[in-house]
Structures are given as structure tokens and as C-alpha cells.
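Heads up, the thing below is written out as C-alpha cells.
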Amino acid sequence: MTTAETKKSLIWTDIDYEKEGKQVGYLHLPHSVTRSAYGTIAIPIAVIRNGDGPTFLLMAGNHGDEYEGQIVATRLIRELQPKDIKGRVIILPAANLPAAMDGARVSPIDGGNLNRAFPGDAEGSPTFAISHYIDTVLYTKADYHHDLHSGGSSLDYMAFCSARLGADEAQNAKAIEALQVFGAPLSFVWAHSPDNRLAASAAIRRGVVALGGEFGGCGRVSVPNLKIVERGVRNYMAHAGVLKGWTIQRNPTRMVELKGRDYYVYAPEPGLFEPFCELGDMVKAGQPCGQVHFVDNPAREPIVTHFRRDGLLVCKRHQGRVERGDCVAHLATDR
Amino acid sequence: MTTAETKKSLIWTDIDYEKEGKQVGYLHLPHSVTRSAYGTIAIPIAVIRNGDGPTFLLMAGNHGDEYEGQIVATRLIRELQPKDIKGRVIILPAANLPAAMDGARVSPIDGGNLNRAFPGDAEGSPTFAISHYIDTVLYTKADYHHDLHSGGSSLDYMAFCSARLGADEAQNAKAIEALQVFGAPLSFVWAHSPDNRLAASAAIRRGVVALGGEFGGCGRVSVPNLKIVERGVRNYMAHAGVLKGWTIQRNPTRMVELKGRDYYVYAPEPGLFEPFCELGDMVKAGQPCGQVHFVDNPAREPIVTHFRRDGLLVCKRHQGRVERGDCVAHLATDR
Amino acid sequence: MTTAETKKSLIWTDIDYEKEGKQVGYLHLPHSVTRSAYGTIAIPIAVIRNGDGPTFLLMAGNHGDEYEGQIVATRLIRELQPKDIKGRVIILPAANLPAAMDGARVSPIDGGNLNRAFPGDAEGSPTFAISHYIDTVLYTKADYHHDLHSGGSSLDYMAFCSARLGADEAQNAKAIEALQVFGAPLSFVWAHSPDNRLAASAAIRRGVVALGGEFGGCGRVSVPNLKIVERGVRNYMAHAGVLKGWTIQRNPTRMVELKGRDYYVYAPEPGLFEPFCELGDMVKAGQPCGQVHFVDNPAREPIVTHFRRDGLLVCKRHQGRVERGDCVAHLATDR
Amino acid sequence: MTTAETKKSLIWTDIDYEKEGKQVGYLHLPHSVTRSAYGTIAIPIAVIRNGDGPTFLLMAGNHGDEYEGQIVATRLIRELQPKDIKGRVIILPAANLPAAMDGARVSPIDGGNLNRAFPGDAEGSPTFAISHYIDTVLYTKADYHHDLHSGGSSLDYMAFCSARLGADEAQNAKAIEALQVFGAPLSFVWAHSPDNRLAASAAIRRGVVALGGEFGGCGRVSVPNLKIVERGVRNYMAHAGVLKGWTIQRNPTRMVELKGRDYYVYAPEPGLFEPFCELGDMVKAGQPCGQVHFVDNPAREPIVTHFRRDGLLVCKRHQGRVERGDCVAHLATDR
Amino acid sequence: MTTAETKKSLIWTDIDYEKEGKQVGYLHLPHSVTRSAYGTIAIPIAVIRNGDGPTFLLMAGNHGDEYEGQIVATRLIRELQPKDIKGRVIILPAANLPAAMDGARVSPIDGGNLNRAFPGDAEGSPTFAISHYIDTVLYTKADYHHDLHSGGSSLDYMAFCSARLGADEAQNAKAIEALQVFGAPLSFVWAHSPDNRLAASAAIRRGVVALGGEFGGCGRVSVPNLKIVERGVRNYMAHAGVLKGWTIQRNPTRMVELKGRDYYVYAPEPGLFEPFCELGDMVKAGQPCGQVHFVDNPAREPIVTHFRRDGLLVCKRHQGRVERGDCVAHLATDR
Amino acid sequence: MTTAETKKSLIWTDIDYEKEGKQVGYLHLPHSVTRSAYGTIAIPIAVIRNGDGPTFLLMAGNHGDEYEGQIVATRLIRELQPKDIKGRVIILPAANLPAAMDGARVSPIDGGNLNRAFPGDAEGSPTFAISHYIDTVLYTKADYHHDLHSGGSSLDYMAFCSARLGADEAQNAKAIEALQVFGAPLSFVWAHSPDNRLAASAAIRRGVVALGGEFGGCGRVSVPNLKIVERGVRNYMAHAGVLKGWTIQRNPTRMVELKGRDYYVYAPEPGLFEPFCELGDMVKAGQPCGQVHFVDNPAREPIVTHFRRDGLLVCKRHQGRVERGDCVAHLATDR
């Protein structure tokens, strides 16, 4: 039976993945609409190949409002030359291109969150057609992968590189090693991860060594975090054996992890959220995390919410207004 | 002839501005739409009166995505009691209520920016009806005024209290004195201000001593900036003579000003903006301010933009994506 | 100086108001948009003239979601012949045509509420251009006017015919007399009316004898209310001297009035409103009117609201969901 | 193969369905969007457990603009205590929470109609994720179920409780018995029901005894219908054996049914629909049901539509404007 | 297992496909939304039957902004009588009715492009429910099929009739023969067609002889192209044996084909596209096709794009503004 | 009194209109919104000055979906050098920039049609702020003006250059002379023009010699019309004395005019319009112009509309779908 997974992608490209040298071009996703009957969504891609060796797939713009990765990937496309490479580097600087151009987490075309769209559908809406292509065409070619994130418009993160644990311990060990080589000040292991629709989950299912990371957030471009990403990606590429002439700079990194649902705090009511703590604080179970104010009804008492366990405050909600059920904070604990 | 200025507001309230004691209620702006034929927009207001004395008008939520002021104003409504007051305090915690509930600079109803809507129009769209009421009913009652801002979703500011210079030197002097009493680490004078549609401009035209300020930004709630506002507003109220039992805490403040259009830097092209500097940096004329990247066309070279004069970087664009013509930075110089 | 009031309408028509006989055609309001560069909004109109006599202007569709009047006006256009008329009858069955076609109170083009748009603006948005035409071209021709309303989607009304009091006592007396001739079971006098932007207010300023009425509501078509309107309009036209061969059927009517803001009850909080009373109930000051439930937070206690004076419950909010500040009920008292 | 039906729900909750006592909390449906990267839709739920016994699942807000059930369910959550219960009562007062908060039949997030979304999809859009949870987690726990409806914004119904016939005659008999115990003045059997995507269809497939009902309509809250629901639900819960201390009040009820497509009448043309009959009328095949008027073209003759069989008029379209193909009426016949 | 393909359509109709004579009616697609709980989308259909013979299915309005076919189909419905027919003619003049009423390629309800929606889904969104009905109910009845297109709003085409090649050579031969009988000045064979979601692909899979064609474009109604379609459709119907009394007029036709991706040219950058060639031009590989201007940045040089092979320019983008990846031209070569 | 006309524009620019040489830059219109608190709309402008002489203001993009002028103006900005000029040329290639970037007649920001927005308002919405700047800053500098149009998305025009008659006969004569010098195959005089809100009307009120023209239409870029504009604009500039080294090429031109409302034909009903004539046809009063089809109700007879006078068909509606009141054709008569 033909299922979503076995269908062939309708995305086409003039890029030849097997060709030597550097190509910068587009993946063309057919998108036939009133404005353009034979339109395509042109997703930028670069392939730099120099002889045999592993394939490293660098991806940014999975979420369109996470920018450090997009800038670093764009810069690498211009800077890297075939002579710098051994094997093959594939760079997708704006994987969910419509979202990236919109400065939004999700695509303005179909509302799709690419990082909740794997393994995708060749004939689905654009976000699902993209995830399907990445999964069936790119993940099947890759040995190493980095999917660069930055928290997005709604979250403020202490910058970290991360790994997600899969079923294969050897593959996990390689990811942890790569994480240490990347050398961010903070390294994060997602030891609780109930959702399998993520890019990283799909890559791991394909046997790829995959890293992630949240290099800041708030929809901002952070000057210091850009530096962390620039150096770390090169460390990782050198470690993978695809980047020549780069000396890995080992840096001390604090290893933390998230192990359950109680690491998260959610808004108890819609309103304006006043946080009580700062990123980097060590907090205690039961400690107040913040309170919701009602500016439309100032006589109403604010409602306080509390941390549910001890930990390091690595993530806060960025924007002031909340809906009930929004995550306002999450913790990590040392690993 | 009947003009916008001479029309009587259609906004009504059960609040009696002359009554002793504390009242928390609403301004009702009639808004007759399909969803509610006899609907009103209920804008929260509090009046606390205790005998004779000056009138202090505290306003927040002029821009809906600027939160420190909204929280402090909401808290003061709950905390202040008639015994704490001499004269009258009027508090509008969410002046453009639809914008505040939407977490947006402008009203979702009419797209109106309240701080570009003065002197307003009694029969205009909601934002203009609000500014008309504030101008004709509240500014005519007030002796002192504070309109609390925080940069909004698109700007990141070093927190400061500010004054805007009008035609009356005595009134200006009083504002500068109040600015110093407020005691923020940074104090700002708007010496170049070509737009007369601001709340502060209207208040000054009515002879009110008026302060402003940008206490942070990015659409975030800042824990330290909240403290600056909480203390400064009380200092200012005590200085105005309406707050009893509060000892003004004098703090050193750096006085800066903005004197012309060359303090601003604008995006030269649409794209993803990478800033080169941080808030608090002292920059030089001609120094690169940042560059615009093209993630949809990574082969295209970024376009750099430069500072046009020396100064202190007090304001940066927050969000990564820019349109041509967006302000990406502005400076101040010591006064 | 050229002001909105003195500008000449851009609306044109092939109808000749002075011509004998029956014409059914359109008012063409130029509306140049992307979809149609030389487009016009074609507002239906009929003129039936037979010799000398008064001019009666029947209008419906001022609010697009009030239907009894639209049906009766449409039917009269088809049924009335010149021989039935003495003088001139002008019928606008869908005055705010875009709103009528949208089944909405306000126009989907500009959000305009025609009954809050008088005296209008020849060069304003469509709703204001319509009100300007009615005011400057039609009200200047009319001796008698009926503007038929039905509460709209958000209100449920006991059906009544109504008059609004102006400054001219003689004109008021004529309106009250016409109200009694109309002969609805309930007759209503708006003795408190702070808003001058209504069609009726404009007609009265032009010296026209003007009736209104709310013949039901909820966005529904009521079978019994259609009969009230059909008969009453003919009574009124015969009384005005423009309808021949119709014997006025005198009916007993209960005369009530609304005299102040305390006749209204507003929602105290957003949520789901449960009313406690029915239309036609006599209620007492302090009696509970209803309560707001919070289905998203069922542990929160409902908030009750009360009537502020004694009276007859003539109007209730129709829809279950409310925003704070929505009118949920209004009363009338016997006159 | 993994299919929609076999996937595990991503919805989580702090509620423990097996715990004794009363819990009021939320189902958290992860919904990762630009506004909130780690957002959840928080759907209210209450579980009241007292020892062994059957499980009764009361649901409202399947359609967001049907209110009697939402109010009764919300009130029961506050009023019922463990001592009143034997076994377990689960209450979902606003099953499609986004629709309920929007006062709409369908969800504003995905346009989803929850009652056309069964059996759902764990990884589908929010409406489908909700139906999947209800089907796989709640219907597998329930013995008795009531899904409370009220016609919605577009339909006006004679209030009735209803049952839908499934393949299992014993289960059908239990439903008919429960219907009689409920004791609404009118009881309705859906003997023609070609669509299997309804909540009731899914519950029946799971072997649950399931009732429905349309307790009014028009998007209104009806005072008398609230009483019918309040009493009937308690009767049903007592009959099911989960409500202690309630004496079932037997009421006479008229049993009717709908047996085919010819019970329905549809609008023949877009326009303004004038009905000719009232709810409760007994009508004849061929009798005119109403006519469509063209207020934008009043010279055009209205188009009449007719009933296709004899019956009791139990349902009318509420709103005046129609599109071709809208149901304007449906009948029932005595059973 | 129940899959999308095996589900039964929920669309119903009063049309009896087996009945002798002429029926004009509707397919009713249930669409339950807030505006109409029991609403249906009423898709017009006509069936004309006269004794035994083949079934010819004429379809237009697959894309709502392609009009020549809609006009011809509508006219044929009014003009054809049973006596003119042998066998059965089924006419769908506006297959994607919501798109046709919107003058758009895609449906305003679900954004669906009917010609990318086959084989559809009985329980999917309206566009997919329509394609499912056409595929399972109509294509299984048809012997001959014509799906009339006209390029749509975004493309300008030299008018041609077309055939698409399938796996069955005999069926292909019949289609080519029908293409020649149709007798448009230009006849087109789609020899490269990677997308199987088209109506024609589905019809061919069902063994139906199927023609297509692009009879103009730009969202316009072309007077000469209407004549080509009127005559050609009758030729085709007579050839199929369903139209009596029509003498096939043989016309010379130029046979062309499209054989690969290099026949297409795409916009290299967003902006304003200036074409350099006209429809009907014979162009050469490497020849400039047009250039993109940047009116918002007039100092930037335009970017030129080129043809990738020789051929006849049969299709140009109509609208001036382009996004990167839009098709701006495609070629054909003689067959 | 301060009125819209006497207010000073808030638009600023780094362009110095008095400076010698060529400047390409922007008009910055402050537009403070949530996305950008200190945003400006950057409208491109070029000024080329070489010594004394007249000022020629070339404008395109008044309507954003009219492209020939935008391309010619953009090309002239790149090609013209100070040495080519005597006096001053000011070029606005995209006057209503938001509309031009949207490919729409009106601005997506405020719905404003710039050519119905004169004399504008300094503090109004963007479209009105632009017209105010053009009127008060540019028209007061200009001696000659050309506002280049092309019919827009909804109209198909025989390409012509045009003049509009004002009150000053000498100024009219100069415009007619310039029209002849421009040398389009067809020249058009607007002798009936009831709307004074056009750019040309404002320019004429300022005493500027002003030409217009509709150089095609349909939202397309026409290769031959581009050539007409390129040559004609240069002829006009040379005639005005600002373009050096260009020999005016005199071409025969057919002079036509439009003198009344009866030159226009409007759609009598919403539906799909089938035209009966082609551009360039000479038609007669009473001749059928086209008919409206009802594809959603194919049994309904089409409705025919007729020309109301004799004339040359210079303009047809482009798009197939019409609303009642859309202009479907207009004529001209020889002058």
C-alpha cells in the first residue's frame, strides 16, 4: 500500500548532490495557488563536496524566528570553499523558508511547525512536504546533523547545545561526544521527550548523529550567542571529519539534563505574567515562579504559580502576555 | 463650528472624580458592532482622593506591549489607600485597553497607536476617542502626569525615565526636576521631537508637568526594571505632594539627550539584521552598526549600515527580521 | 471652507426623483479597489411618485442583520403601484448594502455602523458616504421617515415602534402621534439619547417627522413581527397621506420610555452569561439580572450582576458569550 | 502499521482518573506556535470518584456556541461532591475549548467541528487530537455518556433529549430507556444518520450507553431549557447509578424520530429567508416552508421552498441570511 | 482496513443518474460550520440521458478562475435536450464551486486546489471530498471526459486542447484521436507529468478517455477562445457518440508536446518581472526570457533569466509581480 | 485653524531637492506599529539636477498593479545622468510603495487608493500622508508632471496617454500640446471627471502641466506598451526642456475623449461576465455589451447588458467574475 512514508517527494532541484565542488541553489517545492499556478517555494540549499568522506547536514530556520543558526549557516555558505571540506557538507539555512521569511515559528502558508511535522508527507501541505524531503532525501544521505534552534519569539534561553537520546546507545554516545566537542558553556541532554515528530527524532531514527541546541531566543539576534554557534559548529564539523584546517578548541561545558514533566511551569490563567526569577537562578520546589496580573480588572488579586522541583532556570517565557497553559519556565538539573 | 476638539466625549463612567475615597471602575467607550450592538469598551480606571491637593495622573498601557508600567499601575491600584494620598491620584493601568489585552502596540480594533492619536476625536475610532477623553477630561484635571512606556515588542532599551521639552521654560524646569527625583540610573531628555501627536505633547500643551520613560522593552517583563519603576513612581508622587509617608530616595542619574535625526540608524534593506554592538556601548560616527543578511538568497552579500554620529547606544531593534526603513538603533549623548 | 457637510456626494443614480411613476434602480457609490477599478456599490432604491403630496422615506437595512424591515421594504417595492400613492414614496430596502449582504450590523468594507455615521462625509469611507447622501439628498426631500430596525444579532427585543425626542416640540408631537397610529403592541420613546450620530437624529435635525423601532432581534426573521411591521408601516404611510385606499387600523399600544443610563445593565466580566429573567418581566432595582460563568475555569465562582432600577425588561442580550462592558439588558418604564 | 487510531495521545494531565475524591484540572494539549513555543491548550476537566461503580461521562462544549450544557456542566463541577457520587463522574464542560471560548461551532485554530472529527488523530490538528483523546481515553473508561448540544448559532430547536441507534439492539434499548428517564418534554430518536464522525457514533462503537439532545439553539442561553437539562441530567445520572440521593422525577415525554433525508428542507438560493411556519407546527408535504428574498435586487421575485413530507417542525434556521444548500428546517414524526 | 479510497462519499443528490431525460440539480456536500450547522455546499450538476450509449462527463470550474469552460458548460446545460443525446451526458460546470464563486484557483474554504487533490478523501476537507466523489462516483460511470481549463489568473496561454499520456497505449491512442477531432488550432501532449494528483490522472487510472486543455488564461473571458471551446466540445461529444445531429468539423491543428523540466523558466528573485518575448515566439536556449526589477530599490540592477532550451513560447506568467520560484514561461516543441 | 491642508508633513528624507547631481534615496514616512515602533515606510525617490531649468516630476506606482510606468521610471533612474538633464527631474517610481510591493491598486496597510486621496492629510493614514506630501512638497516644486497608469488588475485598456481638463484654459492647452508630443497611438481627454481627489486634479490645482495615461492593464507588463511609454516620456521630457540630446519623434495620434456617464457600462448582476466585443470595436447605442452567467445556478437565464451610446471600445473589464455595479466597459468618441 502507498503510504505517506513511501511516496516520492515532488520537490525537485538543479543541485546534484554527487557533484564535486560548491553549488548554491534551491529546492523547488511545487505550490500551485491562485497567485501562481505553477509556483514553487524556493528553499535555499548549498552543497559543498570535495572527494570522499562523511556527509554533514547543517540546518537552520527549522523555526523561522530563531536567527543565530540562520546567520551562521548563511555565512558558512558564502565562506566555505571545496578546499576546506573533506566529504560533503549540505547546508539548509532556512529549512521552513516561508516561516523564516515571516519571522515566525510556523509557516504562514499552512500554519505548520516543521519541528512537529516529521516524518512528513510528500503530498501534504508545504511544511509536511519539506519534512518528508528532509527525512527521505537528506537524512538518508547524512552521517552527522546539526539542527540549530534559538528558542523562538516566545522563549528566552540560556544558550546551549543539546543532544536527544534515542534507542541506540552507541549512537547516543557519539552524540554526547559531539556535544562536548561543540563546547558551548552549557550542554543539554533531553532525557524526557515524548514527541516523536521532531527533526532530531527523525534523524536519529535514520541512524544519523544529531545535535540540536537553543542558542538564545526572544526572536532576537544575540551577538555573544552568534560567537558560540560559529565556533561550535566548526568544532563539530572538524570532529565529524568534514572540515579541514580547523583546530578544535575544547571548552569546559556544564552538562545538564531535563528528565520529566515536573521541570516545566505553566501559566495558571490568562493575563500578564510577572516573573520572579532570572535565567541562571537555582530554584527550589515550591518557590514562587511568578504571578499573573489582570490589568483589565485591577481589583482582582494576581494568581501565583510555583516551581514543582529544584533546578537551574534555563528557560523563561519571553513575552509578557500569557494564555492559560503557556509554559512560563523550565528547569534543568546537572547530569 | 464644531470640530473634533470641541466635541464632547461619548465615554461615560460611574466613577465620580470629585468623590472622597478610593474607587476602582471603568471608563465605558460605546462601541456598537455586530457582536454587541450596545457594547462598550471597558477601560479600567482608579481614583483615590483624600482632601485637597494636587492631581497626579499615572498612565500605563498607552502601548499595549509595554508591561512594567501596567504591572506597577495595577499593583498601586490594589495597594494605595486614601490615607496614603493627599489630593487625588488617577490611575489608568491600560489606557489603550484593546491593545493591552492583545499584547500589541496598537489597537486590534482600529490599528490605532494611542501615542500618535492626540488630541483625538470624540466621534473617531476607539483609539482616537480614548485620546480625546484623556486630553479633554483627564489632562484638564491633572497637575502631574506620568505616561509609562517600555519600548514595546520591537525595541530594546536601556531603562530610563524621560522628559520632553515644551515651549514653557518653567514647565520644562519642573519636568527636569521631577526627572531627577524619579531617580532612574539613566535620565533622558527628548530635545528633538517633531511629532505633536504624543500623549506627553498633549499633556504639556495643557500645562501639566509630564514625565515619560522607556523602562526596558522587547515585549518582556524585566524584574530589575520593575523595581526602578516602583521606586521612581513613588518618588515622583511624593515629590508632587500626593503621596504621604514616602521618603524620596535620591539616586545618581546619568542625564542624556537626543537632539536630531542623525541619532537614528535605519535598515537599508529588508532581511535578517545582525547587530554589531550592545546596549551601553559608546559608538563612533561611521562605525558599522550591523548588517542585513538574505537567508533566502545566501549567495547575496550582506549589506552593512553605519552609525551617523558618536553616542551612547541606548536603543536597539529587538526582532531579527527587518523591513527597509525600520529603526535598528538610536543613540543619546550626555547632556 | 469646504467641510464634510458642504461637500457634494459622489453617489450617482439613474433614478429621477421628480419623475412620475415607479422606478426601481440603484444608487451608485464609486468604490475604486483592486478588484474593480471603476467599481460602484449598487444600493437598491425605489421611487414611486404620483402627483403632488408629501414625501415618505422608508428605510431598512441601516443595520444589515435586522431583517423584518428589509423584507417589508422589499415587498412594498414589488407591490406598491403609482395608483396607490399620492405624492412620493422613496424606499431604501438595504441602506448599508454591504452590511445587509453580509448579514452584519456593520459594513465588511470599512467596519462602519451606518447608525453611528451621521452626518457622514461625501469623500469618506462607504458607510460615511452613504450617510452623507441620505442626509443631504434624501432627508432634505422627506417629510416623513421610518428607519426600521430589529435589534440585530446581539439583542433580543420585545417588538416596538419608537420615536426619539428632538428640540422641536411640534415635531415631537407629530412623531408621538405617528407612533400611536403605527399601532405596535408596544411603543417606545427614547427620552435619553446622548449620541447624535444616528439616522433619526439627523432626520430630526432636517425637520423630518421620523419614527424608528426595534421589531425583534437576534438576527432572526420573526413571523409575528413581520405582520406588525407590514400593518404599521401602511398605517403610518396612510397617516402621512401618501398611501391611498388603506384604512388605518387603530390598535391599543403600551407607551413606554427610557430615561437614563440606569435603565441598562452591563456584563461585569468576560465569559458565558446566564440570564435570570425573560423579556416582558417587571423587575426591581437590586434584583439579580444574571451571572457570568467561566467554563474554561469551572472552579471559579460565577459573578452576578443586578438591575439598577425598576422596570419592564424590553431588551436582553441574545448571544451567550459576553465581553466586559456588553449590554446584557435594558429596561423601559411606562410613560 | 501505525495508524491514526493506534497512536498514543500527546495530551497529558495532572488528573488521576483512579484517585478517590474530587479533582478539577486540565487536559493539556501541546500546541507549539509562534505565540507560545511550549504552549498547551488547557481543556478543563473534573473527575469525582467515590468507590466502585459505573463511570458517567458528561460532556458539553462539543460545539462552542451551544450553552445550556456548558452552564449545567460547569455548575455540576462546583456543586457535586464525592459523597453525592457512587463510582465515577467525569465532566468535560468545554470539550472543544477554543470553540467554546470563541462562542463558535468550530475551533478558531483549525476550523475543526469536533462532532465531525471522530475517531480523531493523536498527531492531527487540535480538534482531531481532542476527539482522539475522548475516544481512546475517555470512551474506553465510560459506561454512560451524555453529550449535551443546543443547536448552535444557526439553528432554533424545540428542546429535546435524543438517542442515536447503533448496531447493538441491547445497547439501543438502554439508550431509549435512559432517554425516557431523562424526561424532556420531547424525546428524539435519530433513526437516519449517515455520518459516523459524531461523538455519539464513536461512543456507541465503544459500547457506551450514549444520549445527546438539542436543548434550544440560536446561540442563546434559554432559562427554561436550562431547567430541563439540570433536572434531566440528574435523572440520567441517578438512573445510571452514579448519583446518590436524587429521586428520579418521571415526566411524560413525546417520542419522535427522524427517518430520512426528506425530513429536511434546504435553501434554494442565496438571500434573505422568510420562514412561513413556527416551531411546533404540524406541516404537510408540499406546504410552503418559506421564501428567499433578494434585498439587493428588490425587483426580483422571491423563491419559495416547500416541505417534502408531513411532520412536526422541530428545527428552523435561526439566522435570516442563507446560502444555497443551507438547511432551513427539519421535521420529526411520532414514533 | 478502511482507507481514504474505500470510504463512501457523504455527498448526496436528488439527481438520479439512471433516469431518462434532463435533470439540473445539485450535489450536496455536508459542511457543518458556525454559519450553518446543517449546511451543504451545493455543487451544480446536470444529467441528460436518452437511452443506451456511452457516458460523457464534461467538467469545468476545476479551477475557479478559468472561465471559458464554465461558460460553455453552463450554456450546454441550458441548450442540450434529451433528443440531442444518445446515452448520457453529465455536466459539472463549477466542480470546485467555492473556488468558482470566488474567482480563484483554490477554494476559499480550505485553500484546496482541486487539480492537486485526487484521489481525494470522503471525510477530508471540501476540496478533497469533491475529488473523492468525482473519482469514485463519476469517473466510474464515464467513458469519455473533458476537464476544461484556461490557465487561471496567473498564466497566459496560447489556447490549446490537450491529452495526458498514461500507461495504457490503447487509451492514449484514443485520447490523441479525440484531441485531433476536437480541432483546436494548437493541440498539446503532456509527455512529462510528475504529479499524479490531477483530475486527468485519476480519470486515466479509471480507464476513461480524457482530454484537457488550457483555453486562454489571465482570469479573463476570451471571445475567440469561447468559440474554440464551443465547437471543439461538440466535435468531441459527437466523436464519442453522445451528441446527435452534429457534423464534426475537422480543423488543422499543430501538435506540440512538453517533455521535461527544462521547458520551464522560473523567476530568480522576487520583484517586478519584465518579459522580453510574446506568446507564439520561437525561442532559443540561452536567450533572455525577461528580467526582475526592484522598484523599491531602483538603484539595484535588474536580474535577467534565460530560456533553457529551444521551443515555442506557449505560456507566460500574466501578472507583473513575481516571487522567486514562480514559473514565468514554459515552452512546447513540435511532436 | 489648523486643517489637514495646512499641517506640515511628517515625511522626511536625506534627499536635498536643491543639490546638483543625481541622488537616489527614500522618503521616510513614520509608521509606528507593533512590528516596528520607530518604523518608516521607505518610498524610493530620485532627484537629478543640472543647473537651472524647469522641474519635471515623473510618477509611477500611484496604483501598485500598474507596471509599465514603474519599469520605465525605475530604468530612467538608473540610466539618466546629470549631463542628460537641464533643470531638475524628480522620479517617484512607486509612489504608493506598499501597494506597489503588494501588486495591488490599494495599500495593504490602510486600503487607501492614492488616486482618490488628494489633497491628503499630513497626520492621516499612510496613503493620505503620501498624497499630502506629493501635493504640498512635490507639486509645489513641479512645472511638468506625468502620472503613469495602466488600468490595473481589473481593466484592459487600449494604451493611451491622457490629459484632464481644468479651469485654466492656457494650462489645458499646454497639456493638450504635451499630449500630442508624447505621441501614443491613442490620446485621450477626460472631459467628464466628477472626482477631484485624483493626483492629476491636485497637480492641476497647483498650476502644474500634468499628463496621465492608461498604458495597458490587466495587471500585466506589456512589451509593446513599454516601448510606447519609454519613447513618449522622453518626448515629453524633451518638450518640457529638461531632457537634453533627445530628438522628439512626432507620431500620428488619434485624439478621443470621454464626455459623460453614458460612456460607461456596468454589470447588472453579480456573476460571470461574458463580453461580446473586443477592444478597438466601434459599437452602437443599444448593442449588447455582454451577459452575466450564473454558474452556480445554470438553469437561470443569463442577463444581458447594453451600450448606452455609440463609441470606440477603449476599456473592458479584465476579470471574469463581476459584482453588480462593476464597470464592464467604457467608450470614447473622436475629438
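A few notes on this one:
Should a chain be cited, it is by its letter among A, B, C, D, E and F, assigned in written order, with residues numbered from 1 in that chain.
We adopt the following convention: a residue touches a chain if its C-beta (ideal position, glycine included) is under 8 Å from a C-beta of that chain, and two chains touch if they have at least 3 such contacts.
This structure is a prediction, so every number in the text was calculated from the model and none was measured.
Here the chain-to-chain distance from chain B to chain F, counted in touching steps, is 1. Common neighbours of chain A and chain F (chains touching each): B, C, D, E. Centroid distances from chain C, each centroid being the mean of CA atoms, peak for A.
Note on B-F: its contact pairs, compared by residue number with those of B-C, A-C or C-D, agree for more than half at B-C. When chain centres are set by their Cα atoms, the one at the greatest distance from chain F is D.
Between chain D and chain F, the centres computed from C-alpha atoms are 57 Å apart. Annotation: 36 Å between the Cα-based centres of chain A and chain B. With touch defined as above, residues shared between interfaces to two or more other chains in chain A number as follows: 42, 65, 153, 296-297, 319, 324. This structure has the following touching chain pairs: A-B, A-C, A-D, A-E, B-C, B-E, B-F, C-D, C-F, D-E, D-F, E-F.
On chain E, the positions that touch chain A within their shared complex are 3, 63, 65, 104-106, 111, 113, 115-116, 151-155, 194-195, 197, 261, 264, 266, 317, 319, 322-327, 330.
Considering their complex, residues 1, 10, 12, 26, 28, 30, 32-42, 123 of chain C touch chain F.
By the touch criterion given at the top, residues 24, 42, 44, 46, 60-61, 65, 67, 70-71, 73-75, 77-78, 91, 93-94, 97, 100-103, 153, 156, 218-221, 223, 226, 272-278, 293-299, 301, 318-321 of chain F touch chain E in their complex. Chain D meets chain F in the complex at residues 269, 296-297, 324.
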